[in-house]
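Below you'll find the structures, each written out as structure tokens.
Look at the two complexes coming up: chain A is in both, with chain B in one and chain C in the other.
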Partner chain A sequence: MRTLLQNNLVWLFFAGTVALSFTTDAYSQYLMNLVLVYVVIGQGLNLILGFAGMFAFAHGAFMGIGAYVSALLTAKLGVSLLVAMPAAGVAAAIVGALIGFPALRVSGLYLAMVTLGFSEIVQWGIKHWKSVTGGPDGVSVPAPVLFGHRFYGDYPTFYIVVVVALAMTLLAQAIIRSKLGRAFVAIRDSEIAAQCSGIKVARTKVLAFAISAFYAGIGGSLFSLTQSYITPENFGFYQTTLHFCIVIVGGAASLAGPIIGSIILTWLPEVLRNAQALQEIGYGLMLILFVIFAPRGIAGFLIDKGILPRERFSLRRPSLPGRSRPAPQEG
Partner chain B sequence: MLDITGLRAGYGAHEVLKGLSMRVGKGQVVALLGGNGAGKTTTLSAIMGLIPSQGGEIAFESNSIQGQPAHRVFRHGLSLVPQWRELFTDMSVQEHLELGAIACASRGDLDARVASALDYFPELRAHLGRRAGTLSGGQQQMVAIARALTARPKLLMLDEPSMGLAPLVVRELGRTIKRLNEAGTSVLLVEQNMHLALGVASYVYVIRAGKIITHGPTGDFHDEKELFHSYIG
Partner chain C sequence: MKTSVRLSLVASAALALTFAMAAPHARADDPGITPTSIKIGMIGSLTGPAAAWGWPTINGARMVYDAVNAQGGINGRKIELVVEDEQCAPPMALAAAKKLIHRDKVFMLHGGSCSGSILATRDEVLANEVPMMILVATMDKIVQEKPNDYIYRAFLPGSFDGKIIADFIATMPNVKRVVVVGHADEHAGARYGTLTEGLKKHGVELLGLETIETELTDATAQVLKIKDAKPDAVVLVGRPAASAVFLKDAHRLGLDVPMIGATVVDLQDLADRIGGTDALKNMYVVAVYKGPLGSEAMTPWQEMLKKYYPSDKVQASSFLGTSGALAVVEGLKKAGPDLTRAKFVEAMNGIQNLDGGPMACSLSFSAADHDGCRTGVMWGVRDGKIVVIGDRWKN
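Let's turn to the complex of A and B:
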């Protein structure tokens, strides 16, 4: 029975959210929708950070690109969400692939700096390209109409968010189990060994960026639905830090990690609602504590205790990106 | 099979190989001997495409592999077991073997490749679920070689496989190299351990300061002391 539960945790989580949706008030439902949005973004960041071992610090920007593409297509051009959401993912993926090229030359902290710089440029662009994005005034997101039904409000939006979040989580699971997923892990652990095993390191790195950005783009599209109104401020450094916290606190290189992280990091601000200043300090403190004392996050702890099953290619000892050696240096 | 002519390669402005020429014939075990910093690892890295070569020619089965990235060189049928094995310490033995074949195998084919690689190292069957990082040095070397074998290479390149291993394990390693060769795999063995190299190789090259200073059939190098002094200089 326990094994059955352990092996179906993803399904259990999503079934749980559906069951809870019948009991929640509107605000709790809104928070649950946000949890699912961050599950999508977290799974994407986990693919590049946890599995491929690259410090991409730009998911706030990728999310922003997705949110704006989706919102502008539906609000200004009247495009269906069924087209706008994939377009949001593809737009973010294209930008992600372009940003992936610097990843071929730099790694670790330098890559974090490059992607962080890109993030700031995107936010600046959204803020100042007023004719398209509305600038600091933002964009109003219309309630989507799908199959003749208007999805207005937190409860109807939930059904879109939960279906997409489930699909994206299952896709992440499929990627991890595929050849590509194994190539990610090989690059994370030893670039030399990966190259010697015939893995196209450059292509795999760019793909990791594109796929991860695709997730953030889809997440951005979902986020815009939950907010009804988006501004550039939604996609700044704070957002990127939040994504990082979700993966690190939840547990990198584990499918369950981003789910756990999303639940905690979405509800934490509610707990600290009366102490606004503590929220950001809380994130920073949490990140520091987990990186130092529990780099495999809560999922890693639960896997060690046998509560969660060990997933393929998950980290089994304290480890974060930066271990991979890019080139031989011996004579 | 592998023909290298006038190879020059190094790291940035630092040239390590200064016109190296050597060849490995089909079905041969060739040893490349040399001291620290002589250019042994650089030679293998340049052949495998891990570092760019600055001149000369590398041909495999009469096709130039010069300047090709490692994944393309790999597809020609060359596999490298890097120095210090470069294992994925968090992964199990099984995961290693699967990773070794991911570039060339379908799921069904992958299982067959893993099984045939394990035939050379039956001891690993008992440790398939174990983390590679928890294995002994000898077992780790077995995993590294088995990982390379899952690609079914035509030419297997081993970079100082005896490093850090007990004499008994080194002897077993020598036997495995011979078995691999008998099964049709050509081997280029880079070593400092002359005893192992002379025990398995049919032809020997000696490298010093990026150049081949002497070469010939193994039988020509019966005086290990003299050979040692030749590459120490």
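Let's turn to the complex of A and C:
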């Protein structure tokens, strides 16, 4: 029975959210919806950070692109969410692929700086392209109408969010187990060895960026539904830091990691609502403690203790992106 | 896979049954009212980038409720406050509003320091028909966008601020060309529209908008660029810290033209930050209070703050939320002993010419207009002292 539970934790998590949705008040339901949004974004960031080993620091921007594309398509052009959400993902993926090219030349902290700079540019663009994005005034997000039913409020939104989050998690699982996922891991562990094995390193890195950004774009679309109003403030440095913490605290290179991280980092600030000093230093302290004592996050700790099953390609030793030497450029 | 799906379905059904049995009972129509209490949820930026406005504005409103409670409450009910942090982050503000409405079941809300984040709560507040008094957020659309049957503001909104600045400039002799210096955020954005319209209307040429960061540490480049443009005056729509940096550098580099600041800043606060009034000799600021701190008009409010919150520093931002609390108290009194949200809204819509307390404006609301404060004051520095310049400036 224990093994059965261990092997189906992802399914159990989503089943649990469905079950809990019958008991929550609107506040808890909103938080649960946010958890699921961050599961999607976390899985995407985990693909590039945990599995491909690239220090991307731009997911707040990718999320913002997805949120605005989705919100503008539905609010201004009346496009169905069934089209707007994939469009949000694709838009973010295209931008992600473009940003992926610098990743061919830099790694580690330099890549972090490049992606961070890109994040700032995107936020500046959202703030100043007022005729399209509404600038600081933001954009109102209409409740989606799907199959003749209007999904307004936290509970109806949950059914969209949970289905998409489950689909995206299963897709992440499929990617990790595919040839592409193995290529990500090979690049993470040694770019030179990966190239010697016939992996097209440059193409795989760009793909990693595009797929990861696609996740953030879809997450952004879902996020806009949970907020019903989006402003540029939503997609700043704070958001990117939050995504990073979700993966690091939850556990990089583990499918369960972003789920655990999303639960903790969405609920913790709410639990600490009345302990403001703890909130202020919470993220920093948490990151320091995890980097020192549990560098593979909670998932890694639970795997070591035998509570979670060992996942294929999970990190077996503490490893930070950018430690491997970049391979020579192709062509 | 089949086992997984079956397992999750069984688990889901079992959990649903368990929790559904423990589900809370249906709530009453108008929550937050008991025979002895009225529960009000307050939302403020207690942490995060706008934390400087957090507790001071919250306590400036709370002291009014404390004073009412000390006198026995309203119609036998004491005001019970639940304070939540919004961190100036929209998701946190929405979470705070949902917690207060659905879990704490408050009668009404009083809050909002950051326009961008409090805007995120608007739909939730209106959908649940919860009356709300905005604390200090100035973005127009929070209150002025229709439909809005429940959200009120007793503070000068951003667009009025911009119009007052434009009207004031029109009275200044030999000022025909101005540069606007400000942030690219919702706070400044709320003022730019009416400011540029007003300048155009008065035939004043706008030479350009010079953007400054909220975390500005050096304004040399901006000041030199503005000097090259040779404006007759500069409009400053910056937050206090950034404004102080700009003014200090403008003084150092000899940018000696009149400067007009928005309500975002306060002259005394700027003098404290800069370390004197030398850099403020040519500065005018739209103010919301009846007089500077320490003046006769402000003394009772300063004493009230000291009485209820003795450890609080009396500062410019301390009383920004006070007029809102005064309006709420008046609305609760007028709604009578059989208090409901509908009666409270009706009572609020009937408030006319209520004294705004420390505010220069008197408060008037109607069903069609929930922005109750329309009057600002211009302050300037004369002989090292902050004084009121001219008459009140109305919209």
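As a convention for this text, the second predicted complex is superposed on the first by the 321 of 331 C-alpha atoms of A that agree within 3 Å, B and C clash if a C-alpha of one lies under 4 Å from a C-alpha of the other, contacts with A are read in each partner's own complex, and residues count from 1 in each chain.
The definition used in the following text is that contacts are C-beta pairs under 8 Å (C-beta built on N, C-alpha and C of every residue); 3 or more make two chains touch, one makes a residue touch a chain.
From a predicted model like this one, the values you see are computed outputs, not experimental measurements.
J.: Quick check on the superposition: with chain A as the shared anchor, is it clash or fit for chain B versus chain C?
T.: Pair status: fit.
J.: With the two structures laid over each other on chain A, which partner does A:12 touch: chain B (first), chain C (second), both, or neither?
T.: After superposing on A, A:12 lies in contact with chain C but is clear of chain B.
J.: Kindly classify A:101 by the partners it touches after superposition: chain B alone (first), chain C alone (second), both, or neither?
T.: neither
J.: Per the contact definition in the header, classify A:234: touching chain B only (first), chain C only (second), both, or neither.
T.: After superposition on chain A, A:234 lies in contact with chain C alone.
J.: With the two structures laid over each other on chain A, which partner does A:110 touch: chain B (first), chain C (second), both, or neither?
T.: Neither partner.
J.: Can A:27 be said to touch chain B (first), chain C (second), both, or neither?
T.: It touches chain C, and chain B stays clear.
J.: Quick one: is A:179 in contact with chain B, with chain C, with both, or with neither? Answer first, second, both or neither.
T.: Touch partner of A:179: chain B, not chain C.
J.: Check whether A:196 is in contact with chain B, with chain C, with both or with neither, and answer first, second, both or neither.
T.: The first partner, chain B, only.
J.: Once both complexes sit on top of each other, what is the least C-alpha distance from chain B to chain C, rounded to whole angstrom?
T.: Minimum over all C-alpha pairs: 20 Å.
J.: Which stretch or stretches of chain A touch chain B in the complex?
T.: 179, 182-183, 185-186, 189-190, 192-193, 195-202, 312-317, 319, 327-331
J.: Can you list the residues on chain A that touch chain C in the complex?
T.: For this pair, the touching residues of chain A are 4, 7-8, 11-12, 14-16, 18-20, 22-23, 25-28, 30-31, 34, 124, 127-128, 135-138, 140, 153-154, 226-234, 238, 269-270, 273, 276, 279-280.
J.: List the residues on chain C that touch chain A in their complex, please.
T.: Those residues of chain C that touch chain A are 3-5, 7-9, 11-16, 18-20, 22-24, 46-47, 84-85, 87-92, 94-96, 98-99, 101-103, 114, 116-117, 119-120, 122-124, 127, 139, 141, 184-189.
J.: Quick check on the complex: what are the chain B residues that touch chain A?
T.: Within the complex, chain B contacts chain A at residues 11, 16, 36-42, 45, 48-51, 69-71, 74-75, 79-83, 86-91, 95, 98-104, 131, 133, 147-148, 151.
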